[in-house]
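In the part that follows, the structures are each spelled out as C-alpha cells.
Common to both upcoming complexes is chain A, partnered first by chain B, then by chain C.
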Partner chain A sequence: MKFQKYANSFKDRPKYVSNCIKAFVAGGIICLIGHFIKDGFLSIGMNQETAGTWATVVLVCTAQLLTGFGVYDILGKLGGAGCSVPITGFANSVVAPAMEYKREGPVLGVGSKIFSLAGPVILLGLATSWAVGLIKWVLQIIF
Partner chain B sequence: MDALMELLKVFVTGGLICVIGQILLDTTNLTAPRILVIYVVAGGLLTALGWYQPIVDFGGSGATVPLTGFGYTLVKGALEGLKKEGILGVITGGLKSSAAGISVALVFGYIIALIFNPKAKD
Partner chain C sequence: MGVKEGKGPQARWFDKILQDDYYGEKTFEKAESKLLKNSITMAIEKAGLKKQTIDVMLTGDLLNQLMSSSYMARDVSIPYLGLYGACSTMTESILLASVLVDGGFCTHTVAGASSHFATAERQFRMPLEHGNQRPPQAQWTATAAGAVTISQSLGRTDKPLCCITHGTVGRVVDPGITDTNFMGAAMAPAAFDTIRAHLTDTGRKSSDYDLILTGDLGRVGKKILLDLALKKSSQDEKDESVFRHFRKVYEDCGAIMYEDCQDTHAGGSGCGCSASIFAGRIVKEMRAGKYKRVLLVSTGALISTISKQQGETVPGIAHAVTVEVM
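Showing the complex of A and B:
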C-alpha cells in the first residue's frame, strides 16, 4: 500500500479542466459533422431515418479510413473522450486492434480482433434491447 | 437564426455527452472500451425509461452520434419490433435497426485493417 502511494506520487495528475474542454469541443465538432452529413442527405429528399442511417455509414467509413492513415490516433490524443465516445471512436477501435494483429493471419488474426471491442459493445447493447423488450412484453401481459 | 440555434444545440449536446465520458476516464479506473460499453447500455436504459427521446428531440445528431445513440437505436428497434411482431420482434428488432452501422463498422473495418499497416508508435 505504501509503495502504491509512493508510485502514484510520480503519476501525472490528469488536467481535469483542460481535458474536459478538449472533449467538449472535439465531441461537439464530430456531432456537428454528423449533423451536416445528415442535412446533406435530407436535402436530396431522404426521410429522417434513412438520412440518419446514411450519416452513420459515412461517419464510420471516414473514421476507419482516417484510422488506416494513422490520422485518427492523432485526433484522439487531441480530443480525448471527445473522439472516443462518438460512433467514430467506436469505428476506430474496431479497426485499430485488427491492424495490430495482422501477422496472425487474415482469419484468426484480423478476423477475430475486429471483434475485440465490437463484440462486447454489440453484445451488451443487444442484450439491453432484449431485456427492455422482454420487460415491456411482460408488463403488457400483466396490465 | 433558427438554423444557428439548431447547430448550437447539436454542438452543446454532443459536447456535454463527451465531457461525461472524459470525467469518467479521468476520475475512475475505467478504460475507454469499458466506457463505450457503459455508454451503449446507458443509452439503451435511458431510452427504455423514455428519457433519451427528449434529448434526441433537443440535440438531434448531438445525441445520436455519441455511442449512447447506438443504445437508443437498439432499444427503439426492439420496442418497435415488439409492437409489430411480438416477442420475435424483440429478438430481431435491435439488430434490424442498427444493421447498417454494425455491418459497415465490421466489414469496412476488416477491409481497412487488411489494407493498412499500423503506424509506428513514438
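Showing the complex of A and C:
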C-alpha cells in the first residue's frame, strides 16, 4: 500500500473538472437528441409511452450503427461517462464485444460473448429491481 | 511494426511498417503471427544464414498458450522453444539463446518476441469498439515484433558484430499494485532490482554502460525507476557509486516509442516494444559505432485475466543482458 501511494505521486492526475464538463455536455446532448426524437413522435400523434419507447429504439439503433462504423469509441473517449451512462452506452457495450468476437463464430463467439460487458448490468439491474420490489411489497403489507 | 508505431519517432529504424494492422490476414492473431514470422525470417536472412541451419528458435508473445509464436513456429518449421515472460520475453529469449550457444549446444539460434495492440487489448482489456476512457497512467501495447540471431560465429563481416557478454535473470518483485493499468509502477521495482543485481554481480557501475535501456516502463515507470535509483543512492554509499550518472545513460523503450501527441498516455508496452527497438535501432546503432556497451532490461508485468479478476496484485519481472560490440 505504501508503494502504491508513492507510485501514485508520479502519475498525472486525471483532469477531473474538464472531464466532468465534457461528460455533462456529451450526456446532455444525447438526452436532448432523445427528447427531440420523442417530441417528433408525439407530434405525429403517438401517446407519451409509445413515443418514449420509439425514441429509445431510435437511440439504441443509432448507437449500434455508430459502434459498427467505428465512431462510438471515439465519442466515448471524448465524452466519458456522458456517453456510457445513457442507453446509447449500453447499446455500445453490447455491440462492441459482438464485433470483437465475430471471428470466433456466431454461437461460441458472438453468442457467448455478446453480453460479456452488458451481462453484469442486466443481472444486477434485475436483482436490484427484485430487491426494491420486495421492500415495496413488505412495506405495503405492514402499512 | 504496426501503423501507429510507423508514425512514431522511431519509424526510420524499423525494417518494415505495416499499412494495415490486419496485415492481409483475417484475424489480428494471425497478423501478429505473420509479423513475428517475417521478423524471424528477416533476422535469419540478414545474418546470411538459411533457416535449415538454425538449431533452435526461442520466441514468445502475450497471448494465451503463446498462440502467435506457436503458429509462427508451425509455418517456419524451425525447432522451437516457446517462452512467456510477459513483456520481458525479449531478454528472456536472448539470455537463454546465448546460454545455449555459449554452452556449445547450438551453433545458430534465433530469439524474438511480438505483441499486437488488438490481440492484447481483447485478451486483457476491453473490446476495441467499446467507448471508454483510458487513465493517464495506461500504456499502449505496441504492434511490433523483433528478432535477432545469436550464433557462435558468423565469420568475417564488414561491420562489427554485437556479442552477448553477461546476463542477469531477474527475481519476481511484487510492489503490491492492484491497478492493472498502472504497469509502469508494477515493473519499476523489478527493473531496479535486476539492474542493481547485475551491477553488483559484475562489479560495474552504471557509468560503465553507454546505455541502460528498460523495456516498457513508460513515462511514469521511468520516473519511478529514476527516483528509486536516486533514493537508494542517497541511503547507501555503495549504491551511490554504482548508480552515479544513471540518469545520463538511462532510457526506456516504451517512453520513446510514440510521440506525446499520439494519445498513448504513458507510452508503449508489450514484448514487441523492447524487441523492436533493440533489434531495429540499438543493434544498428551499436554496429555503426554509437554505443559500445548496452544493458537491455526488458520488463514484464506478470498479470493474467484471472489474477486480475481475483483481485491479485501485479508482480513485475525484469531480465538483463549486456550487449557489447566486439
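A few comments on the model shown:
The definition used in the following text is that the second predicted complex is superposed on the first by the 133 of 143 C-alpha atoms of A that agree within 3 Å, B and C clash if a C-alpha of one lies under 4 Å from a C-alpha of the other, contacts with A are read in each partner's own complex, and residues count from 1 in each chain.
Heads up, the rule we're going with is that a residue touches a chain if its C-beta (ideal position, glycine included) is under 8 Å from a C-beta of that chain, and two chains touch if they have at least 3 such contacts.
This one's a predicted model, so the numbers in the text were calculated from it and none came from an experiment.
Look at chain A after the overlay: chain B and chain C fit there side by side.
Of the two partner chains placed around the shared chain by superposition, chain B is the only one that A:111 touches, whereas chain C remains out of contact.
With both structures placed on the common chain, the touch criterion links A:100 to chain B and to chain C.
By the touch criterion defined above, A:3 lies against chain C but remains apart from chain B after alignment on the C-alpha atoms of chain A. After overlaying the two complexes on the shared chain, residue contacts for A:86 are found with chain B alone; chain C is out of touch. Once chain A of one complex is fitted onto chain A of the other, the partner contacts of A:67 extend to both chain B and chain C. Greater residue coverage of chain A by touch, when chain B is weighed against chain C, goes to B.
Contact with chain C, but none with chain B, is seen for A:75 once the two complexes are overlaid on the shared chain. The overlay of the two complexes leaves chain B and chain C separated by a minimum Cα distance of 5 Å.
Residues 14, 19, 67-68, 70, 73, 80, 84, 89, 93, 95-96, 99-100, 117 of chain A contact both chain B in one complex and chain C in the other. Considering their complex, residues 1, 3-4, 7, 10-14, 19, 67-68, 70, 72-77, 79-80, 83-84, 89, 92-93, 95-97, 99-100, 103, 117 of chain A touch chain C. Listed in rising order, the residues of chain A touching chain B in the complex are 14, 16, 19-20, 22-32, 34-35, 38, 52-53, 55-57, 59-61, 64-65, 67-70, 73, 80-82, 84-91, 93-96, 98-100, 102, 106, 110-111, 113-115, 117-118, 120-122, 124-126, 128-130, 132-137. On the side of chain B, the complex with chain A involves touching residues 7, 10-19, 21-27, 32-33, 35-37, 39-41, 44-45, 47-48, 59-62, 64-67, 69-71, 74-75, 77-79, 81-82, 86-87, 89-91, 93-95, 98, 100-102, 104-106, 108-110, 112-119.
Across the complex, chain A is touched by residues 26-27, 122, 126-137, 175-179, 182, 185, 188-189, 220, 223-224, 227, 266 of chain C.
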